[in-house]
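There are two complexes below, and they share subunit A, which is joined by subunit B in the first and by subunit C in the second.
And then the complex of A and B:
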């Protein structure tokens, strides 16, 4: 047993700054979101799949230069209705064009419409919904507008608008967004109203925080998961919507390639040349499902309450 | 409560008018009027002045514009002294033309040199014209027939020729049977107040749009019936639908004592509304019969295998475009020998109904299951559930008689909407199976610029959806007395 001597000890100075430091694990919101998201194997797989589809639909048409109005093989019967093989992966269509080129061009258009409509709907919906939820005066007016608008079958108006405006992607985007932003705004309004009167916001207001800062710093972060949920529902639903409108013949016109229009055009060929019909259908289902699952997982991951380990 | 319902109804009427007005203005001003003639076989055979005149007349008939040829201008300007003007007197003609030009008409000339006047209706004129003739009230002075000056003008009691129940009849009105009763929904029928949406064009030309939707389809069906002259024969006529006929023939005289001989007919197949309704209602029952037990099962086994499979099913059905799902199911149906088109086997074969009904039902289940599960799980943490458990009730009992009763309330809210909106038909399902129902009507009407039909359908669908939301809310207060639709004091 050794004697206790001074050499065994070290002199510590009481450090006041140390006591200010909180010894908890470092928390970063976005790092937690990504950790949570990448813990789901299905979501990673679906994300890779949807990225692949998006990239293909952007770059493949650049190389193929596909245009539905250019039909060089229209008078060559041997080029038509070729079954899928190693040269023509998805076969050729009724005018002798490669279906592979057509499908990716169409997917691009459908994705573009869906993303644009979601973007417009979400931006408008969030901004107006915030304002709506925050101001009681705006609420009094908007709730009446909503009561009138929400009663209207939106499909009806979208159909008539899409037809009245003419057959183009931008017209379709307009028709889709104009009928759907109200429901997003209403959804956000309800969420804002729930959080608006919480104690921490009351305290913040008592301390003199300007309304704008309360919205951006106290409320918006809380809403991220809600907005993500809304987006993850919107993107596939707009793809379905485009497919549906084009299928019934009021969406995009002949000069545009889109999944909906291809499905509509090839539905009579279902028994004779089934691949012409089923490939676009399968691709549209593939995009919707993968984007939906990615969106849902991201929405779950962006909810701070799921970050507790 | 009464006051609330009253203001709610007023607001609903306001929104119906708002929607219908917007749609009217949109389709008359935003869609190029030339599209009307895209599907018109008559216009394709004409050219030159004949075509221009035909188009102008048709557009006037369809309510786009007012149009006057030089002859009409002359008659409107000079009345009985129009002869000189019509014959080509320059001074008189220019006077007539000037009069129209000063009223805001655009004056154009045909290739032959003849002028004509056109006035495109502005939005307020379009709305004014539509609403002024929308509601038609039948009265005893409705018929003005110069060849039948002795037409009696009176209401009198008679009886329904089919079942002998009393009926209010009218002489001098457009319709003979003003009020009558029978066994079909809604049991009390009237012909006094009618909505006039104009006639259909270019399909079913000249037939009122409401009749297109309501009348049976397929060949006429003859049934044995007694006519008022005492004649008994096999006839397809529906006597209670008879309207005044100006020129009766000897067949009519054999059947009827009066001029009311222009009747609708019985048909072999049900009408479009009825077809959609039958399909939709069966599908609805199946959907609820499947969705509610499955939702309960999922909530009871939260986070277990059943729940996970259920959630996967819900997500799949929400994410897959319904078009893809419908066609996929249809091709599965053909594997079992079911027809892929409804008309293949027709109305009288049960196999025609199986796939459309099944698809319609399956499409409704995910949201039903999702919400019921959500509500039940939310309820299962409530204090009354803990108390019930503490009392020693079994899990099954708690779920069945405690949680379900509370969780079903929001679901009840949606039931009227589902029932009423069956009428509107399921668009894609019906067009995929070529079911002759309401679902296909709207896109078809839009594509053929059948404006009156579009307006009719918009009116019907909007009214139904507004009505169903209202009934749903009222039903909710009946099921759960705690819910009040009116706000009571304080904030």
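And then the complex of A and C:
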């Protein structure tokens, strides 16, 4: 055993700042969101799937130039009702057009309508919901608006508007989003009321922070995951709404291809040539489910409580 | 005591909360002065209205009667924009729960410079950085903490961020709403010493809200005891602990445990029955019994309290 001597020891100065040091790596909100999102294999698969569908629906119609009113093969019976094969992947329909072209054109229209309606609903809903949650005077008015709107079936309003405004994608977007923002705003209002009077907001008030800055810096960041949840619910629900409205014949006119229009148009062939009916239905279900799962996973990932560990 | 300059004057303040038709009077006819450079403590049980008064001074609650003056200027009720700014610049608050009072989605840099941004109290970005660094340094935190988020800190560190955020505004008056009750016992002294350091360096005045009497005894110069929204006794810290006259103060002081089993065993507990306050409910007011020592009473109760005080003085002199 070596003998103890001075050389073995080293003088250490006590340093209080050492105990203040935080050893964990730097936290970044968005990096944590992406790490959490990409840790889910299902979400990655669904995201790839929905991206594929979105890209196909944007670019495929550009090459095919599909238009439901252009029917070059209408007098060639040999071109009609061709079952899916290597040339016509999804087969051909009752007028001899390729269903593959028709489906992607229709998906594009349906996605466009759904995304636009979601965008309008969310933007209006968040802005008005914030205002609604903060101001008592706005609350008194808006709560009555909410009571009225939520007690009239939204389908009825959309149907009446679709009839009154005529058929077309923009009219349909208006009909879908004209009342749906109210429920988003109500949802946001409740969330704002929950966190509005938390102590850190009182602290900001003591520091002289104006209300708009409290909204943008203190409230909105807390609502990211709530807003994400609302978006991930709205997108698939607007897709099925469009399908439903077009199916009952009040959505889009003859000149527009959309998933709903196709399902309505092909429903008589459900038994004779079932692929005509089931392929649009399957595509509609596929994008609804994949977008919903992507949205929900993103909503979960954007909640910082899931970032720990 | 009276030659000192009055900084905050609370005059006959009532605070009521309305919920539909139900009206609840949280603070009844509160009056007290806070002198420049002192630490004024407000003690009382939960729900007695301590925080409500503090929030009324910093304008988070509205008052329904009376007025509050700061440096002789009225700061209650409707104010002009300049007056509001003036209040926000000069009065700051340290909150009870450091976990709840910091914005979890903002960096420490933003949390501390929030007040600077609001009043543009810096020349340029470099000046702001320097001010934040200085504030962090003053509370014993490191400049590297600026890019961190509140949840990464310990309770004591978070409370020091809260102090730095208030101090960077260079206020004259700070309201500390139970600043240490949510903290671990081992770091309470650290936060109190920090507050004392700032008081000496910057000539601050504190209003300290607490329910922990042993802390108040160490920290405060003058103490007001509040019960059910009514201030029942105001005295200097030494007087209040030596001659607690109001029965509520007596029972409150008795509740402090003694670190001696023999004394604890022999202690006769007094329960407060609210009788004294009920008697003086109608015609009572805060009256000076000896200079600087105020009791809530009516004229009938006065001789009783005076006798009590005399008795206490005699026993303390003889023993």
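Following the convention adopted for this analysis, the second predicted complex is superposed on the first by the 285 of 309 C-alpha atoms of A that agree within 3 Å, B and C clash if a C-alpha of one lies under 4 Å from a C-alpha of the other, contacts with A are read in each partner's own complex, and residues count from 1 in each chain.
The definition used in the following text is that contacts are C-beta pairs under 8 Å (C-beta built on N, C-alpha and C of every residue); 3 or more make two chains touch, one makes a residue touch a chain.
Treat the numbers as computed from the prediction; the structure is a model and nothing was measured.
J.: Going by the contact rule set out at the top, does A:29 touch subunit B (first), subunit C (second), both, or neither?
T.: Once the two structures are laid over each other on A, A:29 reaches subunit C alone.
J.: Please indicate which partner A:210 is in contact with in the superposed arrangement: first for subunit B, second for subunit C, both, or neither.
T.: A:210 sits against subunit C, while subunit B stays out of touch.
J.: Is A:5 touching anything from subunit B or subunit C once the two structures are fitted on A? First, second, both or neither.
T.: In the superposition, A:5 contacts neither subunit B nor subunit C.
J.: Applying the document's definition of touch, where does A:272 land relative to subunit B and subunit C: first, second, both, or neither?
T.: Neither partner.
J.: For A:69, decide between first (touching subunit B), second (touching subunit C), both and neither.
T.: Neither partner.
J.: Could you look at A:236 and tell me whether it touches subunit B, subunit C, both or neither (first, second, both, neither)?
T.: first
J.: Figure out whether A:304 sits in contact with subunit B (first) or subunit C (second), or with both, or with neither.
T.: So A:304 only meets subunit C here.
J.: Of the two partner chains, subunit B (first) and subunit C (second), which one does A:86 touch, if any: first, second, both, or neither?
T.: neither
J.: Do subunit B and subunit C touch any of the same residues on subunit A, and if so, which?
T.: none
J.: Which residues of subunit C touch subunit A in the complex?
T.: Subunit C reaches subunit A through residues 55, 58, 60, 84-85, 88-89, 91-93, 95-97, 100-106, 110, 114-115, 118-119, 140-142, 144-145, 147-149, 151-153, 157, 162, 165, 169.
J.: For a test of understanding, state which residues of subunit A touch subunit C in their complex under the given definition.
T.: 16-17, 20-22, 24, 26-27, 29, 198-200, 202-210, 213, 217-218, 221-222, 304
J.: Considering the complex alone, what residue numbers of subunit A touch subunit B?
T.: Going by the criterion above, the answer is residues 144, 147-149, 151-153, 155-157, 159-161, 163-165, 233, 236, 239-240, 243-244, 247-250, 260, 263, 267, 270, 277, 281-282, 284-285, 288-289, 291-293, 296.
J.: Touching residues of subunit B toward subunit A in the complex: what are they?
T.: My answer: residues 11-12, 14-15, 18-19, 23, 26-27, 30-31, 315-316, 318-324, 327-328, 331, 424, 427-428, 431, 442-443, 446-447, 454, 458, 461-462, 465-466, 469.
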